[in-house]
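Naming follows writing order (A, B, C and D), and every chain is counted from residue 1.
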């Protein structure tokens, strides 16, 4: 039992519980099922993208271009949805393919030219956003067909479609990370990059896969984004990447690579969602939200480093045999 | 100034002068004196931010919170002017606020050892939040006339004041980096922080001063922006964060730390400024500016790693074709 | 090795330069390189609060058509985000470009004033439209309607929809937009005068972000259980709010009014998620601005009640050098199909 | 050549930038045999292991036979598939993965595109059982202590049905209980007909487990014997019989003023109850095996490894040295063991490296570094230590090993220290440069600096130091005056033979 207590995810889960209890004491409406459902529904897009970002961060990479990718994919999904005769399949295909293409571009630059991920995605962030706005000339995509927008609020057997899609994404990502060679290679690459290639892992391919997968999930998220809002602004997703990275880092993923669980990231998403919703319900001015989100991220990260440091301290020990007394017998 | 023997600055200078020629061909009003001066005016705000960011990246760190510190400073200046009534006190308080924000980053990064990208990701939202809470999200614009001098005034005929400030700060930072002990230690920490510790360098003190320095630079930049637009708003600096990092990397500072010069950064900043101004004059839609800035950054990075790319292609061909 | 690097660098920047010139000519809304000065045509530049928003783009279409008629060369550029500092930069560049007329929608009244004064000093005719700067910084302000008329009108709409009593909330684009604050001031005055038992519970910003407007509305409905009405004061906020009302299926329980374009609100007006959207004929506003630009260039001063083709009678307040286009226009389920902007 | 040799190496040489790390070495290991590889530091043991395990490619002319078949080992994975697995000291596996994953990763039998966890767990458990241990396969590697991690590495080798397992200094960080356990494991391996080749310094270990031993010295093959044919003194003689003669230099004058006195310094897990005194002009040599706490002690004195108890006395007054900066102020210099990582800043110039620790004192009135003064000082010390090439602006990374070490030395001499600690001063340096560095050390001592030299090269210790401290497992086991000491006596004490 006690190793469960030490687990990072459990600590974060307790933090989530404490925050929720405090909020529900102040505003009883917080714990109503409809509010909890709306917290989940409002953060589905964040959760889907957090799954992809977790894998990126586990390989000690980072992707600040996901916000622009979201806008790019959402616009193209919207344009395709407007074409008469298109249906859910064409929309799904366009979303995922455009996401993968953008993700692969990042992957090739990072794995191929060995340029640090932070700088590559900084560049592609501007390239994606700039080319999208140039192409659409800033025009919004409006009046999306009913079959597409209904994607967001219809339920199948009582479960809203977006939640089903989220569960599918979590399932697939969990399957990849836990049950495939590729998934374990992602964690191996993050844990010990030097040795990874020695045990036969093609590190370049793993990096490319991780960024392409991030793109694919962003594509899926963009489909839901368009369905939720019914009109798509080419500036959609601006600085959304900061929320995605914050959620994954609060959830316990280590930016230096090697650790990061899907469960942890989901808890991180919930913590951000609960904080934002709670602040509004408690009728606190929305501006406190930035202060709270920023502080949560800083404390989560600092605690992580401090107790990692303690564990490292205990490890660095050369075993000195007690029984050898000074000037021992020879 | 530093000798431009380093090949990267040479190439960048060539690229920059080429860009100026292209721009003046495309739009006759580009090469006029007052346009060039207004280019220097527009670039000084995010250029000063870039000075702080350059010093940080040389120590192989990064700072995403410079924009929020600038925004917070404008609010602190406007509000403290409201209480104290004296402009000088308000501005000093603003710069002090910037230094404190920098120190907050510095303590977490240097003393506790949290990775810089995480700390500044958190403080970016945190400082922005403080600015919004202080200003209730509103713009504050009851500032006195003399306050506008720095942002809108001119000296020696029509040289904008902030261009002079940027120049002075750039030269000062360049001297600080190349001549003072602190500067030498900044490069040492960026190159090999373990060897620096073993040479008796107090790495945590050096890093703390680096982040305080960046905080002060952000504060000065915030002061100039709010003076230019004669209002104080929490989100004034936001758009400059990514641009200042991109300009620094374009200027030849290695993102992994250890190398980079202020001269390179100034060139990187002016490339972006000329790009933005030129495109406006030609009437190219502002969206193309984003695209071209991103493209310029990626292209420069590819050229820096051209040897790796060539090696990889060679291996690829060897494997598949013989 | 070094020489080769320099050659590759030069090749690359040639590529970028070609791309540049390509963009320069191809992007639709910009004319050839600014040949205005050479061909003697007057160059009129329009700078909106933010480029790429349906409201300002439709307004620019209106102005563009008539600019061709008047033989002006029309230049439309602006900041990519509603950022005062960026807008001032662009105005600065246009001054250096020596355009003849500058028509600006100010993100922030104070921040554009210094730049506009410099433009006037440089002999450029300076006009503001949609959102004014400080009066001394411009020659003429084309105001779609006065803030007072608009503020009181929206308050009347709110009262009409929620039946004269109960709670309502205001959703703005961002609190820092100066004209929003003036409208809200007049709404409060109208409410104090005519509807004593209507109470304003909160003013929530949506920062020109549709996703935020959507989430804000959802939370407002939950935070204020007996909320009866929402006034969304931006073309971004009202569609977002309407979509949220539809999602929460509180159509009918929460009444939505506000400022938005007919195209943006058509589906919501029909579905009942929104009761009315107030605005003005944005195309006409563009036309009127261009018409007045020609007046200024021909040295004529406008007169009160003058007749403007396709726009109709406009009021002119000489003391504030302000043209008022007329009464605001309400789009409802019934008349929304007759408008297309 | 009888067929029971599973691995044979013939004429294996390996040169690194001019220095011959291995010179025509041959090695043969029988099936199921436990073979010890012995030799002093720098004798080429780990290079030989790296050649055998595919990390390094040998110079041409080398022949490697596995089961009497000539093979070329391209990379580590190839070696593993050919049945040769290595267990490094730093357990190069994946701390963030579970035990079962660490055992099976890369094993095509089980590590397929779609993982079958029950199959993996089964393989892992059977490998662990074969080793004769019991570890929960679902534990994270980082939560295990070092001994268990070693067992996982051995289990991994077995899961690749290795016919030869190589262990590099396996017992250096194990408790005596764990060492016994390892002997048991090696016995199990022998029973499963798996050969073990291990590098070790500990004589009781060699004599307890090994059946044959190969001795290397200075990269050359010296001899290979069955263990019972060679007793301990004979083995030491073979290891140490060094023909290279350093010129032994005696101190001109040793002041009786105590520059440094250390009383009962201890730090849990690093060193215990260390006491010695260093007088002005004296050179103390500290020797002992890798992992005997020598470097940890040096770092403690230099302020980088806070001791738990005991005191350090400089010129009579007790001081606490909390950081390397304090140490430099107190006039202590430290030339670290790992030159590239800890000693130098590769990408900056010789001049800037030399003056890095004294920048404050080089400042002119407006607190800027007086470059002319700096360059003069650097030039003076480059000439004094005869660093070649003598360009101040050459990047330090481009110098040879010997010259780099001189630059690090110059870096400390400019601070004119009272005490200078040098950790493995001449490792990876050619003979000529070694002698030059020894001369410089002696000159420094004669000029009144107290010098501490840490080295595992016994001839160097004998040639240079006035007094020799021998450390074993964290404590000083004996103190010998220079003229009484012989290599054999020192090695015997160091090995606890």
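Throughout what follows, a residue touches a chain if its C-beta (ideal position, glycine included) is under 8 Å from a C-beta of that chain, and two chains touch if they have at least 3 such contacts.
These numbers come from a predicted model, not from an experiment.
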Chains contacting each of chain B and chain D, listed by label: A
Farthest chain relative to chain D (centres taken as mean CA coordinates): C
Separation of mean Cα positions, chain D and chain C [Å, integer]: 73
Distance from chain C to chain B - Cα centre to Cα centre, in angstrom: 32
Separation of chain A from chain B, taking each centre as the mean of its C-alpha atoms, in whole Å: 29
Geometric centre distance via CA averages, chain D-chain A, whole Å: 43
Touching two or more other chains - residue numbers and ranges from chain B: 136-137, 285, 287-288, 290, 292, 295
Two or more partner chains touched - positions in chain A: 133-134, 137-138, 286
Interchain contacts (touch definition) - all pairs: A-B, A-C, A-D, B-C, B-D
Residue ranges of chain D in contact with chain B within the complex: 304, 323-325, 327-328, 334, 336, 341-348, 352, 356-357, 359-360, 362-363, 367-369, 371, 411
Residues of chain B that touch chain C when the two form their complex: 7, 10-11, 14-15, 18-19, 22, 26-29, 32, 34-35, 38, 41-42, 45, 136-139, 141, 148, 152, 225, 228-231, 233, 235-236, 238-239, 276-277, 279-288, 290, 292, 295-296, 299, 303, 306-307
Interface residues, chain A side, partner chain D - complex: 3, 179-182, 184, 187-188, 190-192, 194-195, 198-201, 258-259, 316-321, 323-328, 330
Complex contact set, residues of chain D against chain A: 75-77, 92-97, 101, 105-106, 111-115, 117, 143, 173-176, 268-273, 291, 293, 296, 472-478, 492-493, 496
Sites on chain A touched by chain C in the complex: 27, 29, 34-35, 38, 42, 133-134, 136-140, 142-143, 152-153, 225, 228-231, 233-236, 238, 276-277, 280-281, 283, 286
